[in-house]
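Handing you this structure, nothing more for now.
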Amino acid sequence: MSDKLKDHCGVTAVYLKQKGDVPKSLFFSLFALQHRGQESAGITFIESGNMTSYKGKGLVDSVLSPYVNKFFDSSVGIGHVRYSTSGDGGLHNVQPLQINCNKGNIALAHNGNITNADFLRNELRKEGAIFQSNSDTEVILHLISHSKKQDFYSAFLESLSKLEGAFTLVVLHEDVIYALCDPYGFRPLYIGENSDKILIASETSSMSILKVDDYSAVKPGEVVKIDGSIVVREKYIENHPVRQCIFELIYFAKPSSEVFNYPVTSTRKKMGRLLAKEDSDDLGDIVIPVPDSGINAALGYAEEKGLPFDFGFSRSHYAGRSFITPENEDRELAVRMKLLPVKNIIENKRVVLVDDSIVRGNTINILVKILKECGAKEIHIRLSAPEIKWPCYFGIDTPNKEGLVSNSFLPKDLAKKVGADSIKFISIESLRECVSNPSDFCYHCFTGVL
Amino acid sequence: MSDKLKDHCGVTAVYLKQKGDVPKSLFFSLFALQHRGQESAGITFIESGNMTSYKGKGLVDSVLSPYVNKFFDSSVGIGHVRYSTSGDGGLHNVQPLQINCNKGNIALAHNGNITNADFLRNELRKEGAIFQSNSDTEVILHLISHSKKQDFYSAFLESLSKLEGAFTLVVLHEDVIYALCDPYGFRPLYIGENSDKILIASETSSMSILKVDDYSAVKPGEVVKIDGSIVVREKYIENHPVRQCIFELIYFAKPSSEVFNYPVTSTRKKMGRLLAKEDSDDLGDIVIPVPDSGINAALGYAEEKGLPFDFGFSRSHYAGRSFITPENEDRELAVRMKLLPVKNIIENKRVVLVDDSIVRGNTINILVKILKECGAKEIHIRLSAPEIKWPCYFGIDTPNKEGLVSNSFLPKDLAKKVGADSIKFISIESLRECVSNPSDFCYHCFTGVL
Amino acid sequence: MSDKLKDHCGVTAVYLKQKGDVPKSLFFSLFALQHRGQESAGITFIESGNMTSYKGKGLVDSVLSPYVNKFFDSSVGIGHVRYSTSGDGGLHNVQPLQINCNKGNIALAHNGNITNADFLRNELRKEGAIFQSNSDTEVILHLISHSKKQDFYSAFLESLSKLEGAFTLVVLHEDVIYALCDPYGFRPLYIGENSDKILIASETSSMSILKVDDYSAVKPGEVVKIDGSIVVREKYIENHPVRQCIFELIYFAKPSSEVFNYPVTSTRKKMGRLLAKEDSDDLGDIVIPVPDSGINAALGYAEEKGLPFDFGFSRSHYAGRSFITPENEDRELAVRMKLLPVKNIIENKRVVLVDDSIVRGNTINILVKILKECGAKEIHIRLSAPEIKWPCYFGIDTPNKEGLVSNSFLPKDLAKKVGADSIKFISIESLRECVSNPSDFCYHCFTGVL
Amino acid sequence: MSDKLKDHCGVTAVYLKQKGDVPKSLFFSLFALQHRGQESAGITFIESGNMTSYKGKGLVDSVLSPYVNKFFDSSVGIGHVRYSTSGDGGLHNVQPLQINCNKGNIALAHNGNITNADFLRNELRKEGAIFQSNSDTEVILHLISHSKKQDFYSAFLESLSKLEGAFTLVVLHEDVIYALCDPYGFRPLYIGENSDKILIASETSSMSILKVDDYSAVKPGEVVKIDGSIVVREKYIENHPVRQCIFELIYFAKPSSEVFNYPVTSTRKKMGRLLAKEDSDDLGDIVIPVPDSGINAALGYAEEKGLPFDFGFSRSHYAGRSFITPENEDRELAVRMKLLPVKNIIENKRVVLVDDSIVRGNTINILVKILKECGAKEIHIRLSAPEIKWPCYFGIDTPNKEGLVSNSFLPKDLAKKVGADSIKFISIESLRECVSNPSDFCYHCFTGVL
């Protein structure tokens, strides 16, 4: 999926049992979540009793490293990395959003999409609310402030009850942390603890980098309150259908992470295996992945088929696209800079090229072209996701139906269009087999069914 | 006044009779107001029907020049330069502040201080308002949004009626500009027009740089509405005492400007003349100013006394203080870098050193020290402002009473303390003589009387 | 080899058959060589008859992208990426070095190390040469200028005859390009041509990115002259022993490249195979590579042993070390940020960890520690390079003998020291088997024999 | 002279009697010389036995402030600010230039122009010298290195004897400082000493900022050697005609400085007086200067004529021209941003506008236009320099003869052309009267006579 479905965001929160460098812990946790959002980064924490935010556009390292090697008299904070889905990319949309209202000082960061945000914004406007951004985050804060409930937690729960959509939130209210997962459980969220700290993060790679070994998933509809070292977990809604995003397992999450209680790497490998199993053709001499998105599935595919696996593309670690301005976007050039072919691996081979998914179909054709230039005899494309035919209901930044290439081409026609000899997608059935609780996942982008 | 009273802000607004480069006009107007605020700069304008803001910390040139040489499909906009008085210097406090609410899209920039802001903020919080900054500007916007009046203008006037303090505002509501002066008329505001444009600005130097020759002062309590090329001016409050800030004439305004209908340069020269007239001593060989704050008064003093005038200090045009961090603030070094003495003008002379005022008294002693090093025989300090004994009621960033050196030392003791032979301040009476409507000005910082 | 042997540099040159964007071609070629030097980048080319250089510290993208989207009236140029081996990292050492002398305008960039540079520098100083840098490059230019030969080419050849060491050079003399490989052939250099251009580059990945399919290696002791579209290749020295750097195949070159006529990826995989073949132990459940340096060899090892291959470490694509200043270098933190473990792949496994080499031994111990934290039952380290015991004779930036850990510890003791269960290195014999002309390679760092 | 004759450069050197922060002393000295060159700044000093340079394009503050608050184990250094006259503005031309050669480590910075540089460069090229820049500085260093004299000082003197033109130099040879003034004495140079340090600088403002009270001018043809605390001064050439640049007194030097033993401010005032004396017309109501270049002469003119002096233009302290690119250079806009008129001072007045000189004549016409817009009744321009008719022989960056407006227009025609009522220039005779040794000055730009 080089023509990519944009991920939403990553969130984190930390409580240090001994006061110390909260910004440093948030920095490392966000660094491990960087793949979830590269547009902006930010943290809010309590320092000497005051709520303070540092945030900006850019990567975690450039935005936050100035604050890492300082000591702060501080024990709680929250953090966020953002890829914008709602709201534009303007500076006023960088999270966490910190405010003061009748419930006190609040900072909030969220990963997700409030599907009834426009309705809520309109209602709030009627009551006098002013909006400085167009992010969903501001809507939630207004709801809390406008709630008639006196105490923060009641107001917070009341506000949550009005939200529709998918979201995980981390909130700092004065010096108390709240973290929650929406009732669908659409996005992953974990809580962990070691001798030094309590940590909340979207994925367990944050736990790993901060040496937090003891962790568990926050459940759909569960809210966690961290007040000093006391952790209270409770469901704020019961008996709600669960719809975890299967694309976290297919593509979004980092291979080193666990999400929704599944190890990402192994699950992807299993997708590759099952994709191979249902693939009756035996047309390949070698299996090569599209790096990095297709690596794990390709390994599974190769093992299942008993075919050799190798890297036919070498990925550049140097971004190097600053000269490609939006006006002169040159997709082919960008692909050629990122993925250099390894000719002698490709030449005269029947290549099975494995990736996770095809969205718009405007990258795979370039890869096929490069493989042909290098002398591939045949090219068979295999995808560890089914055909994507529906825009994400919960707000992932997918194209509309017309933009999804699988709505316009059957696999065999798509193969022809991109210049390949065949294209096969994993079946929904095999995909469901990769998890033990398949009915708790959302397959809407493949099926149109919620 | 090198140990300086901080000015507040500068505001501007423009309507172009032919659509064109609103940001460019705002840039030049703000450039001419740069002396009123160097901390941040910003503009908001309507482009192709959308309200857009560009703002940032730093000087007008660095923040706004990226937008000057582009064409924008645009005819209205407002702008602001800021030196923070209320609110901290954080990015969320940079003006104009642009919001969306039940009254539509609004951008607001203001120069001044709302003295009942804390009270209003508290009332608004009770009604559910959330505050992202601690600037007064946000309070005004909440008042407008929370007003029960249906149309913007009624809500705006209602909101104004709740504000106490001193303020000039420029507001963009959709594509209509509003500009107003508080009932005290504490801060200057001008409106002008030429064949191309209608221009609002804190001082007439903006008119000069944009070749607007036909202008007049906005009156205390007057609101101006610019809707297309139609200008409506009306008083929104009548029969209110007027208290124009005399320090605009003494120090804040640019010498090339007119404020409150007075030309700044000549008024300052008159202060120097009257200061000389009431100064019975005849102790000087030469009159030298503290550049630039004392230049005009020094010229007046020298003319009245028939003494030669010359530059005993040469001012550096290169800021050059980036290495002086707040932690190692070295006031003497900073003064020595900015003001280089001209030895042969000072040597063996009885020097009359003229400046506008003394606030904390921590710069004048360094100047005396330098004059002595250069061989001055006697040093007589003369100030074109009376002794400052009261913090500004309307929010200029003065020290508290303990910090005002004139509360601790009589002039003759102050002279001894700073190493001078004598110090004299202009009298209130002479200062009042410099303007034709003295009772319309505020002298609270000298007298404690409002 | 995460504790890494620093590579030298990358060089390139281009002749466009139609005048056009020479800087753009150089940009792409250097981008494909970025892994050979990240400290600085530079280009020199002829524009409208004038020799012009753009260079600076940093990556190719940041230094050169300002020049990529402009048109230049230009057909020849050379380029360089640098990791400093001789000379410090100062700006005056950034290449190409452009000069004017009695032989005309010359620009020169080089990859390598002149072992008699100090002697030559001293001789040249006696003749009046002044040195603005301490790079070898400047020495070569002085030799050319001081040569009594009248024409450039004769002077150039004479100068070359005085150089000892290993070096590839690209030179621009007025509008003629020269490229050469030292007689040992220590560093790779390629020349290619397509319908648009003639291209010189250290590795063939540059050919790939610029779609130059027809290329060949420049031979040891061969000089190439490109004068307009006329290419002359000749040996400037005959019958010289050849010593190609085997470490280019083990580690330095990009996997997508061919160097010394060997495809890099396949050769590394073969090293892994032969390493497995001579490894009598059969102790692993899974083979995991140290990314990216151990990937190809690990694939070969796994295939030979019939063991599963998987990614036990997930590499971060976000550098993120800007806050680790030289003063607080924290190697463990840096490793943990770059390589995140995939717990469920490691847990309860007997892990065969494959990398290319061990130099100082101060990274492998951190990886072992992380594997143990993740529950690895046993850890067996396998290296596709033999034990490194001698500093590079030709100037790769290796530690001295004391710094090379294999001089202090036998493999079994080293295993104990780093916490592993076993460590095995490939034998020299197996390594020699990986190439068809083993006596043309240098193994000095392993054997001490030239 | 707003259409300005570019100054050359400023040089400085320091010896600290106690080891300490040499870069800090150089910083302050260069800051006081900033008006002599804003293109680049640099320092070279000995730190722990090593010669080190920090330099870059931009102002002293931005280039050097990173080095000011550190301690360096250091007692000697030299510094330079540059406005390029010979050599382009490229980074390789930023001074001091630091080299190593057979005479040891040398750093050199110079202010001036070697008129036979091309000849010398050619000779040196024949001997094998390579040139990395096109600055004169590099030529001098090559001469020293190529000298057959064994010791540095002899070689240095021999090299000097080959140079023609005007130049002041500061040189660091190992840890010894040399400073010298060319035999013409064209540029000023001072040496001073206090209890802490020995200081060399182009102007005495550097002495003032560093509190060095005891100083004297370095004589034409004199070389100063500072070896530890031992200062040796000797003439290296005798009986040579002296030609000090009168424009240093008219325009270049800072008003707070003494140059050529003359206090700048007073000398300029005297020029104004004598200009007034020979001006038989009595046509003015007020004298206003072009700030800052005309201020001192205007004061003298006003005093002599008994006319009031005032500031009719207020100068902006904020540069603000970053958006005026070379391609859209808008001279009028730039002037209007820098100099804002003070209308009520100008209106209905017969204005005497005083500046130092007219070169191209493309600024004075804009000032006249602005004065007329403000209602000036008459405008009489008076210049404290005679008509400039010859390009500078010694290398100041003047236009060629065609570019000098006084070669095309008699004063009365020039007045008509720029829209003024009259223009008068001081006579050569009066100018010579302003100094006590007029035959030691160069008036070539006025007379064509050397």
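In order of appearance the chains are A, B, C and D, and numbering begins at 1 in each one.
Here, a residue touches a chain if its C-beta (ideal position, glycine included) is under 8 Å from a C-beta of that chain, and two chains touch if they have at least 3 such contacts.
Since this is a predicted model, take the numbers as computed values, not measurements.
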Intersection of the contact lists for chain A and chain B: none
Label of the chain whose CA centroid is most distant from the centroid of chain A: D
Rounded Å distance, chain B centre to chain C centre (Cα mean): 61
Centre distance in Å when chain C and chain D are each reduced to the mean of their C-alpha atoms: 49
Distance from chain D to chain B - Cα centre to Cα centre, in angstrom: 36
Each pair of chains that touches, named by its two labels: A-B, A-C, B-D, C-D
Chain B to chain A touching residues, read off their complex: 91, 97-102, 125-132, 134, 141-142, 145-146
Residues of chain A defined as touching chain C within the complex: 27-28, 31-32, 34-35, 59-62, 65-66, 68-69, 205, 208-209, 211, 213, 254-256, 258, 263-266, 269, 292, 295-296, 299, 303, 308-311, 313-314, 316-323, 325, 328, 336-337, 340-345, 373
